[in-house]
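After this come two complexes, each holding chain A, first together with chain B and then together with chain C.
Moving on, here comes the complex of A and B:
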């Protein structure tokens, strides 16, 4: 009675993203546009993927493999986004992959020269999953600009592994592989820091979260879905129907 | 004062966003949150769109977007 793709929840990967779920560890690579995501991707996989824009749903094609400690890793280069809150097709692809594909780890590449604006996405990814590794890239450029980042402190603030890299020169990538390995295999279970919202929002979450949890049976993070519903994000309902129940979207009550 | 009224080289900070829903979310994702400092980097010939420097990145906004953002002048005391 082996685990099938369906039973481990990664059936979605195969169905929607045309990925096999075998002995490989699936790693998603997310990040803002222009932070060197594809450079990290190319350096890790040894490929030379030139990524242009991502049109629509056939996008999830930039993938590659690498081995580390005799384990196989499948790296998925996601479209660059500022957010996961599904304003555009790119964001929806990235969100659906992390959310429903349940990769073993998600690497968020951030730009060291403007860390603050990049942390928005990090926090959003951390709301979706605990298995996050943050890769602070372009650290050489930041230092040239007089920006020095306390990686240790950032790590303890976020509660997830943080690695400094200069992907262009291959610096820090061994460490990145090691941390990805630790998280994907389960040697290290990050306890990512969850955002606390205002009391009004938290109260609303408390009210609907148990109901959502009952409906989703642990397939998705109920708190996160609750937040999206409070946001008034209707795309999440469609996405749940599509990816969790494998049905076309149903009509939902338009009441807010 | 609205962001669309700001001249080149001026520094302002965000007071509030008038837009709602997705476009509000979008602006916030781009770094336009209260107290975020903005600088006008370049205006296109007709002034639309305009390139703004926001939290270390250049973001171009159209007048209809910039006019939804209320800003105030930054008093420069602490820095410089």
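Moving on, here comes the complex of A and C:
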């Protein structure tokens, strides 16, 4: 495949997240707390897991490996969060990994019994990357409660692959691996639904997006950064500083 | 190149400051609202709900079990029912086991006589080790074999998270974490397990509070003590018809008292040496599940009952040996045991106990299960020979040694509140990694136990009850 850190622009993974990024695909696993994210993680990776801390944070991180179609996959278990708005260290860690780590695909595990609340996170992840696979877990529990989800319809609404699973029983995980493979390798290029905001927000975005684009020169999605600034997110400038200008920033400090 | 980057970053900072004014007029709320509305829109399109009566029933049950008015009474009632079933159910098999073991003891004694073994060997093996083991098994096994399956049933049904939900507010008010009620529930099984369960609390401050106070729920090593003493002393206060009910209510009251102490100590800790704001968390109530009887019986009987009993036996056997030696090796005209008891007696008397009881608690440090057997053995070694075949005889033995209702009450309170057992302390040391916190976990409960017993004993004395 000839896929290396340098060739895919994922040097930051190695530098910032201590990842051994060789000939393997990096997959991020996101989701709300208590949706069976860890079960999905365990079922996919089995015993091939390591745990540690996120660099500089007291948040536990778990990573594991699995093989599919002779390809190696590295699965990063992100902290369980309800949003990516960086309200807590966990949310910040999850956001930074998806945003700056640029994994080949991001799997968002959602709870079928309360889809609506879980979709908030899916929508926010899709603002950051197109390479999203949604895993609708606990589908059996939802059906017992009389909740039925039209998976095909959800797929067309979101514009990304959606897989229904019962991770506890291992149901749907083969399909999940297949869809992750397709997205990560590039067989399928999802075009995720982009959030349209109300006019006041869109107006504000139009005002500052060009300025940001000029500054960042395509290193990050300008619309997303604009939204964060409008949002009043204090951490985003630091995060860009840290992750995008990291090396240069050190030189600057040295010179002063 | 470098200059460009510096410039870019500086411009970005400038831009972000310029935008500050924007989000002040509610744009942030707008963003969140838009995301929520989109999620709602998609959900409406893809989700169909069939009114499932089951889900409605779950909700109705939850409304009752976690309601403001009924939540606590139901909780206390369920706890009471569990204790009542345990006390009623354990009585008969306990006596059967005891009479079997003591019938076997006489056979063993004849065997030793027949073989012409020396008196001390018979003393160590039969009167020391065997008798202690027989007591531990016949007093502990039946209540555990009933209590654990019932407790596991509540756990499997999904009731325990509702308990946590009910208690959440109280723990928050005490400056502790809502999850502490879950670690507390684990403590009913075993305090060492409860301390390990404190790992589920992320904040170190709140984890320490939960660790230090876990001891205030009686573990199964102390339940038999509480149950036996309240059966014979509290149950004995009323007519035999209501004695079980009285004993049950009293054990329930003791547990509630333990929870109140937990809350008070948590509050004091969070206002003094462990200052801080309770962190918020979202407690999700899992659905009620049909209990799996096979799994309940397996976990409760094999994982819990046999495990705990095995541990008790491992600790009790050598303890029986040590106590027999202490009781039979004479220094001057008194045994070592009597010397020790005499030493502790003045302190013990001020808190409504006696030297033998306090010594039993001290020697019982490795495991709370053996505290009552130690008391019995030391009383018996004083010469009051008794064949202990039933709780009634245990009562006679205690009364013959000067016990009153107040003594029994103080023993129960001391048992509920005193220092954690050796295993728990060792676990605390491992979990906190600090000798200082372990020491505090031992000293704080002990100080509280001494204070409460002192107040009760002196109060009873002032009121002329003793």
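Keep in mind that, in the parts below, the second predicted complex is superposed on the first by the 224 of 256 C-alpha atoms of A that agree within 3 Å, B and C clash if a C-alpha of one lies under 4 Å from a C-alpha of the other, contacts with A are read in each partner's own complex, and residues count from 1 in each chain.
In this section, a residue touches a chain if its C-beta (ideal position, glycine included) is under 8 Å from a C-beta of that chain, and two chains touch if they have at least 3 such contacts.
Here the structure is a predicted model, which means the values were calculated and not measured.
With both structures placed on the common chain, the touch criterion links A:186 to neither chain B nor chain C.
In the superposed pair of complexes, A:201 makes contact with chain C only, with no contact to chain B. More residues of chain A are touched by C (comparison of chain B with chain C). By the touch criterion defined above, A:148 reaches chain C but does not reach chain B.
By the touch criterion defined above, A:210 lies against neither chain B nor chain C after alignment on the C-alpha atoms of chain A.
In the superposition on chain A, A:232 contacts both chain B and chain C.
In the overlay built on the shared chain, the residue A:170 is in contact with neither chain B nor chain C. In the three-chain superposition model, chain A touches both chain B and chain C at residues 85, 116-117, 120, 231-232.
Remark: chain A residues 33-34, 85, 115-117, 119-120, 122-124, 141, 144-151, 153-154, 157-158, 195-198, 200-201, 204, 208, 211-212, 215-216, 227, 229-232, 236-237, 240-241, 245, 248-249, 251-252, 255 touch chain C in the complex. Listing the residues of chain B that touch chain A in their complex gives 21-22, 25-26, 29-31, 54-57. Across the complex, chain C meets chain A through its residues 1-2, 5-6, 8-9, 11-13, 15-16, 19-20, 22-24, 27-28, 30-36, 38-40, 42-43, 45-52, 54-55, 282, 284, 287.
Across the complex, chain B is touched by residues 82-83, 85, 87, 111, 113-114, 116-117, 120, 231-232 of chain A.
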